[in-house]
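Note that the chains are named A, B, C, D and E in the order they appear, and that numbering of residues resets to 1 at the start of each chain.
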C-alpha cells in the first residue's frame, strides 16, 4: 500500500496523487534536482509491479522488495540501487526486526517496509534539511537510513542494560538459573548482529561513490555508527559468553559449599548416634549403665561432641 | 544414464535422440543461441566418456563428474566450465547430500547427478522463461542452480525448527539428555555448511563474468541466497553451541538442587534417629523412661523436629 | 570551555585571548609553520559551533566532538582531520575512559576532551621539543597522542599485576570464588580493547602520509606502542580465559576431594554403628553379652576398626 | 641411498647407472623434453652433496632435503624448485608422517624421502601416462604428488571412521572415559593438519605458473584434493571438540542420575531404620510392644514403607 | 657496554679499539664490502647516544634499543634498519626472554642485547663463512638471527616434551591437579608466541629486498624456521587447551566413580544396620529372639547380605 507520496522541488514538499498514472506524470514533470518520494507499507505483488513499471525497477529488485527475509545489502542495478535494511526494536528480552527496502534512482526515492515502526521520523528529519534536500533524493535516503541506524544504537544500549541485570544475578549468592536468560539474550544478539553487520561494508563502499559528493561524509558517518553498533553487539556477546562460564563456576562453588554442608551435617549427627549405639548395647557388664550420673553424663558428652564438631566446621568454613 | 535430452531453439524445446551419434548431429545442427540440454543420472564411466567426447570435455572434468565426493566449486576449462554442487535434503535430524555436476558450454548444458531428487523442477522453471532461454544455455543453468539453492534455504528453516525444539527441551525443568541430539544436529550443520559455503565465492566471481551480461544479476541473486543460507547455518551452529553450554549449566543447577534435597532428607531423618538412639540406651537411671507420657512425648518431639526441619528446608528452597 | 589557548611561533608559545574574535585574529596573523593550539574541556554545543566557524570545521566533525561515545578513529575532511581517542585510567579493577577529540588543521590544533585527566603533560612534552614544534602543529599532535598512548601501556601493566593476583588466588588450596573478579577484569579488558585496537590501523595509515615527512617515524612509533598495548590486552584476555577454566578445574578437584572425605567419614562411622547395632539386639542367646570382657572387647574392636579405616583412607589420600 | 635412477626419452624409461659420473653423463645426453628421474631414500649428507653438485642444487635446498622436520612448502630457486611434503600413514589411532622432498629442474626430477612407504606407486602411475611423460618431468612430479595426496584423503576417511566409533561410545549409556581417545585423535588430527594445510596455498600458486601449461589443470586438481583433505580434517577436529563437550554433558547427566540413586537409596533405608529405632526405645509405657501383633505389624509397616518409597522413586525416575 | 668490536675486511676479522673515536676512524677507513661489527650488552643511555652519533642512528631507533620491552619488529630508517628480537631460554616450565636489537647499516652491524645468553655463537658461525662475510654485514646479521631462531625451535621442542609429561599425568588413573601446570605452560607459550610470531611477516618482507640478492634465500629460510616455530607453538597451545578440557573430563569421570563408591558403601552398611535395628526392638512377642540359633542366624544373614551386595556392586563396576 502506498502510504505517502510527494514531489520535492528545491527541497520543498508538494503532495501528489498516489495512482500510478499520477506518479508517472509527476516523474515526467520533475526538474533537475527535483525528486519523487514514495513510501509503501506491506505492498502486494501487484502494487510493487505497478510502481516498478513506473520507476523502471529491475524485476529482481522488485522480487527482493516483496520477500520478507532479505539479507541487509546494497545492490546496484543499471540506473538505480536497492538498499535492504532491517528496522530493529527491542522489548522484554525480545528483538523484533522488520525489513525496509529503499530504492534510490536519479530522481526518486521509494521506501518499502514490511510492518514495523513508521519511517515518518526519517522523513521529518529530511524535511528539516531543506538545503540538502534541494540536491536530490540522496539526502532523503540519508535521513531515513540515519533514523534506522540511530535505533540500532539505542537497542544496543538497552541490551547492555539487560546484560548488567544478568551480571548482578549471576554473581548473587544464591544458585540462580541464569542460563536461560543468557541463552535468550545471546539469541537476540545474534539476530541483531545479522541486521547490522552485513550492512557496514556496503555502506562504506557506497559512501565512497555517493552522489552528490557532499553526501559522502554523511554516509561515512552512518558506516561509523554501524561500526559502533556492531562493536557494541560484539561486546554484549562476549560478556554473555563470559557470564555463562562464570555462571558455571558459581554453580560449582555453590555445589562445593553444599557438599561440605552435607558432609559436616552427617558428621555432626554421626557422633551422638554412635554413642547412643554403644550405650544401647546389651552387655551385662557395662559399669557406666548403673552409674547414677551415667545418663546425664552421656547426654552431656553427646551435646559437647555436637557443639565441638559444629564449631570446628564453622571455623573451617564448611558450615 | 541419460534421462533427458532436448534441443532448445529460440527457447522452445525439441526432443532429440539419446544416442551419442544423435547428440553429435544435434550439436552440429544448432543455430546461434540454440543449445542442447542433456540430463544424466548415475552415469557409468563409459557413458561419461562417450558424452565427453561428443561435447569435447576435459578428461579431469569427466573424472570429477564420476567421483562422488567432489567439493562444491566452479572450475573453468578452455571452452566449458564445470559447476559441482550438492543437493541437500533433510528429514529426522539427518541431512542427505547428493552431488550434481553441471557442464556449461557455449551451446550445451549437461547436468549429471548422483541419485537424489530429480532436477525436473529446475527444467520446468527454465522452460517457463522462454525469453531468457532463447539467449543460450546460461539461463537454463541459472534455473537449475536456483532450484537447488532454494532447497538450501528450506533445509535451513527446517533445521531452525529443530533447534527450537532442542531449546524447549534444554530449558525444561527435567534433567534431559539433549547433548546427543545437539551433537547430531551440529554434525548435520557441518555437512550442510560443506555443501553451501565453498560455493559462494565462485558464484560471486562467475556472476561478474557470466555471458550474456543480462544473466549476471541473476547469478548475483544466487550468490546472495547462498550467503543467506550460510548465515543461517552459522546462526544454527552458534545456537547449538550455546544450547550445549546452557545444557551443562542446567545440569549443574539440577545437580545442585538434588544434592540439597539429599542433604535435607538426610538431616530430617537424622534427628528422630538420634532421639530414638538416646532412649534406646540402657542406663538404669533414665527418668524419662518411666514417665507414663514419656513415649508419646518422645514421638511428638520426633514428629515436631521432622516437621520443623522440613519447613525450614522448604522455606530456604532446599526441598 | 576553552581551558588553554596559545600561538606557537618558531616553536615558542605566545598566549592569546580566548574569545572567538581573538582566535580569528590570531589565525589570520599566523606566519608559515606557526600555529594556534586551543584546548577545550566539556565544550557546550555553542562553544563548539563558535570555534568550528573560526577554524572552518565540518559540521559532522563538530557533532563528533560533542558526542561522548565516539569510536576511536581518524577521519579526514577536506582541509582538516579529526582524531578521536579515549584516555584510559585504572583503579580498583575499574577502567575509566574519557574521550578526546583532536582536530588537526594546516595551522591549528584543537584538543577537545570530555572530563578525565588533563592533557597538560602532553603540551609540556611538546614545548620541550622546540625544534619539532617550529615545523607546525603535527609535532604538537604527536606529543598529545604519545602521552595518551603511554598511559595505555601503563594501564596494561597494572592489569597484568591484577591478573597475577588472580592466578595466585585461583591456584591456592582453598575453593575461592574468583570467577567474579575474573569476569570483572575481562569486562574491563574488553572496554580497554575498544579504546586501543580500533586506533591502530588509522594511525599506521596516518604515519604513511603525515606532513612533514620527518614526523612519520614518530607516528609509526605510536602505532608500534598501540600494537604493544593491544598485544598486552590480548595476553591478559587469554590469561583470564585460561584462569577461569583452571578455576573450574580447581573447583572440580576440590569437590572430588570433599566427596572422598564425605565417603571416608561415612565409612569410618558406619563400622562402630553396625557393631553397636549388633550388640544392641535382644536375642536371648548371645554369649558375648555375658562375657565380663565383652564390653571392653567390643569397645576395643570399634576403636581399632575406626583407627584402621582412618589409616587406610589417610594412606590412599582420601582423607 | 639412490634407490632408483632412470632416463625418460619420449616418455619411455631407460635405466642408467647410479654413480654421480653416470648421472652427469646422462644429464648431458638428454634431448629436449627428455629428463632424468632419481629416487633417493634416507640419503647421507655426502650423497646429497654429490647429487646436488651434479644437478646444480642450491646449498639451502640440499640442507632442507637432509633435515627431517621440514614444513610442507614449495621453494623456488633460480633454476629449480623444491617441494617438501609429508607422506602420511595411519594405524591404531596413530598418524605417522615421513618427509619427502621433490626437486624439479628443467630436465630432472629428484625425489628424496626419509623412510616411509615407497613412492613406486607414483612412478608406475606416471609411466602409464606415456604421452604426458614425453613433455618433461612435470608430469612425473604430478604423479608422485598425486599419489601422496590420494593417501591424505584415505587417511582422512579412516580418521572419520574412528570418530564415528568415539561417537557411539560417548553416547552409550555407561560413563565411559572417552576423553583419552578423543584427545589422542585430536593430537593426530593436529599433526595431520600440519602435513596438509601449509601445502595448499603453494600448490595453488604453482598450478598457475606450471610448465607446460597443459599440466596446470592437473595441479589445480591436486590443490582441490588438498582442500578436500583439509576440510575433512577441519570437520574431524570440530566433531572431536563437540564430542568432548558432549562427553562432559553425558558425564554430568550420569552423575546426576547416580546422585539421585544415592539419595533414593538413603531414603528407602532411613525409614525402617527410624521405625526400628523407635521400637528399640526403652520406655516403660509403650503399648505397641506388648501387643501380640506388634512385631509382625511393625515388620509389615517397615516393608510397606520401603515398597512405597521405592515405587515413588521409580515412578519419578530417580531409581 | 661495548663487549666486542671488530672490522671485517674481505671476510676477515681485525680487532679495533672500542672508543667512539676509534669507531669513527674505523668506519672512515672501510673499503667497499668491508664493515664494522660492534656488540653491546646492557648499554647505558650515554653509550647508546655516543655510538648512535658515530653510526648516524635515528633518535627513535636509539630509544628503542634502550627500552627493554620492545615488540619484535624490523623498522627501516633512511640509511639503516633496526631489527628487534627476543632471545628465548627455557628451564623448569619457565621461559625467559631477553631483548636483542640489531642495527644494520651499509657498512656496519651493531648488536645490542639486554642480558641473556651471549651472541658469540652467531659471530662464530658468521666467521666460518668467509666468503659470505666478504660481501658486507648482511651475512653477519644472518648468522646472528639464525642462531637466535635456532634456539626458538629448540625451546619449542622442550615445551613439547613438557606437554607430553602433562598428558601422561592427565590420563593417569589418579585425580591430579594438572590445571596449575597446564596454566603455567600456556602462559609461557603465550610469552614465547609474542617473541616469535610478530617477527615472521617483517622477515618475509625483508627477505624480498635484502641486499645483496644472494642473501635473500637465507632470510627466506629464517622466515621458514620462524614459521615452523610459530606452528609448533600453536600446536602446543592447542594441545594444552585440549589437555585442560580432557583434565576436566577426567575429573568428572573420577568424581562419578567416587560417588558410586560412596553410594555402594552406604548401601552395604545400611542392610546389617537395618537388621540389627529390627532385632533391637523391644516387642514382647518376637519369636526369633528366643531361638537358640537366632543370633548366629542373624549374623549369617547380615554377613551374606553384605557379601551379596558387595558382589553386585563389584560386578556392575560401582566398586
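We adopt the following convention: contacts are C-beta pairs under 8 Å (C-beta built on N, C-alpha and C of every residue); 3 or more make two chains touch, one makes a residue touch a chain.
Owing to the predicted nature of the structure, the values given are computational and were not obtained by experimental measurement.
Visitor: Identify the chains adjacent to both chain C and chain E in the sense defined at the top.
Guide: Chains in contact with chain C as well as chain E: not a single one.
Visitor: Which other chains touch chain B while also touching chain C?
Guide: A
Visitor: So if I superpose chain C on chain D by CA, what angle comes out, to the nearest 5°?
Guide: 145
Visitor: If I list every residue number at the interface of chain A and chain B, are over half of them used by both copies, so same, or under half, so different?
Guide: Result for this pair: different.
Visitor: In angstrom, rounded to a whole number, how far apart do the mean CA points of chain A and chain C lie?
Guide: So the centre of chain A lies 25 Å away from the centre of chain C.
Visitor: Using CA atom averages as chain centres, what separation in Å is found between chain B and chain E?
Guide: Centre separation, chain B to chain E: 41 Å.
Visitor: Quick check on chain C: which residues sit in contact with 2+ other chains?
Guide: Only 245, 248, 252, 255, 259, 262, 266, 273, 277, 280-282, 286 qualify.
Visitor: What's the contact topology between the chains, one of line, ring, star, complete, other?
Guide: The chain contacts form a single closed ring, each chain touching exactly two others.
Visitor: So if I start at chain C and go to chain E next, what's the full loop of chains?
Guide: Here the ring, read from chain C toward chain E, comes out as C, E, D, B, A.
Visitor: Show me the residue ranges of chain E that touch chain D in the complex, using the header's touch definition.
Guide: Spelled out, the residues of chain E in touch with chain D are 167, 170-171, 217-218, 220-221, 224, 227-228, 231, 235, 238-239, 242-243, 245-246, 248-250, 252-253, 255-257, 259-260, 262-263, 266-267, 270-271, 273-274, 277-278, 280-286.
Visitor: In the complex, go through chain D and note every residue touching chain E.
Guide: Within the complex, chain D contacts chain E at residues 58, 60, 69, 71, 73, 75, 77, 175, 177-180, 182-183, 186-187, 190-191, 194, 198, 244-245, 247-248, 251-252, 254-255, 258-259, 261-262, 265-266, 269, 272-273, 276-277, 279-282, 286, 288-292, 294-295, 298-299, 302.
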